[in-house]
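In the two complexes below, subunit A is the common chain; its partner is subunit B in one and subunit C in the other.
Right, the complex of A and B next:
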């Protein structure tokens, strides 16, 4: 498979996708926009996992499938592996990427936190955090789609409490 | 001519030309004259308020570019003096030096102008300005939270720029 696409092209496309859904199609309805973006990610993850597991045998258990996501799948998508995998052995996995590629260039506006401290600052910060979290629904959808194609229904959410590291929490439905 | 590199920031920025270069200020303007970034490291004398300072700088470079293009002895066609030119038309002016400072300038095809004022003994800074433009593209243009045409306030860009300019100063 020798065909490649420019990374800047993908970055711009994703930015525009989130921007269209949040500002034009579902303006003022961030939950609906988030659902649509996650659904797109689900389709993409579904198809990508089909392609990247072509040569492999079936996975023996959930942990093997999650390890595939952490190593091969993540390397195909982001040219690196997941840095840290934690589990509670009861169906919850936390995948941590210390420098998530799609968030690497995002930075917040520091001047939005000056002026009157406390409440307005917290508000501005949470608006910025909300804006950034919209960009995480797509990768969450990708992980959910990939796992469901491997026969593991789950729910995926993301956590950006310390940038540029990003954690994805996968909860397998029992 | 390969002007802009790949999508990653080029891993090895050019080495500093001489020890003891002091960067004084940097201005970044877009094609409409909006000052996207102004940062100073070492400016003992402030003569005007910030808005007038930016306008003066933009006007100065606009006129200088126009003048140098009209005086170019090698170019065949010359419009009238004062007619605005497209970025890249005419010869490209890149620096001037006085006994107290050197001003280096770079304009990109999209009209982004980068101006760096440094110590007069500084060498040719064109590669440094290209690297700064690369930083701008990576951290500002590709930042989904930035609205084009407004002053830049992205933390990543500011820290990277600060680090880089201090390393060449």
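Right, the complex of A and C next:
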């Protein structure tokens, strides 16, 4: 494929992107920051899907496109495939990555919260979870952009209820 | 000799159309490209006729007109490439080769962060690459 990019550069870029949008551009407006980050991911996914589907024949149905995302697309981005794919056969797919690369080096430290009197564990955990969820808008956007370019409009959300595994829920719009 | 190449988006919107001959009316070539879009749609939506090559990107000869041959190529992202040529003896492998290089140039043009998806491709680099590919079309054939 030609040129390569340093992985630590990607990690730093993503960290800085989330930090800029959350703390500087849209400080105190996390929904707007999330939308912007997801839109950036959408454009990236759009362009990447164009490049990675170049050599292959066309997909005959939605399932083949999703399998492409799980195998080839994920391998190009994260050097591994999706570990588990589930579907309800009614347009919802759950892509589970047991060790999502971009979250792998993040530590959740709930004990860092100070001076919180009631229910400190739950409060700290939800704040940390919210902070971490900001980092998931970008990969959700990438998946949404790639699938949209393949002709499958959808909504993508992420679920980090059991780290380090990360699940992406794809809901295809009818 | 190639007279015209075109890139058409998934909503049949023209993204890039370039003719390489001063002789023919540009409008006529645009019209030929436009008609060929119907043939592409018919090929793709008609599985019985296409048979085993249903999911291939290269669609082959779409239809011959009085002076031209029109070839089509449909990518996974539903973008169509149309090639209009006046050559009488065009080798299949040359056309496939052409589309492969054209696809690579298109992917590079679309990866440009300043390119807006759905709008026309305005990159000069893309135009130069395309004219290079067009110039070397068929030249490598040994006859």
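We adopt the following convention: the second predicted complex is superposed on the first by the 166 of 174 C-alpha atoms of A that agree within 3 Å, B and C clash if a C-alpha of one lies under 4 Å from a C-alpha of the other, contacts with A are read in each partner's own complex, and residues count from 1 in each chain.
Everything that follows uses one rule, which is that a residue touches a chain if its C-beta (ideal position, glycine included) is under 8 Å from a C-beta of that chain, and two chains touch if they have at least 3 such contacts.
It should be emphasised that the depicted structure is a prediction, and the values quoted were computed from it without experimental measurement.
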Looking at the overlay on subunit A, is there a clash between subunit B and subunit C, or do the two fit?
fit
Check the residue A:18 against both partner chains and state whether it touches subunit B (first), subunit C (second), both, or neither.
first
After lining up the shared chain so the two structures overlap, which partner does A:60 touch, if you call subunit B first and subunit C second: first, second, both or neither?
second
Just to be sure I read the superposition right, which of the two partners does A:107 touch: subunit B = first, subunit C = second, or both, or neither?
first
In the overlaid three-chain picture, which partner chain does A:50 touch, first (subunit B) or second (subunit C), both, or neither?
second
Minimal inter-chain CA distance - subunit C and subunit B, angstrom:
26
Just which bits of subunit A does subunit B share with subunit C as contact spots?
none
Parts of subunit A lying in touch with subunit C, wherever the complex brings them together
43, 46-47, 49-51, 53-54, 56-60, 149-151
Interfacial residue positions of subunit A with respect to subunit B in the complex:
6-8, 11-12, 15, 18-19, 105-111, 128, 131-132, 135
Along subunit C, where are the residues that touch subunit A in the complex?
10, 54-57, 74-78, 103-104, 106-107, 110-111, 113, 117
Residue numbers of subunit B touching subunit A in their complex, please.
7, 138-139, 142-145, 153-158
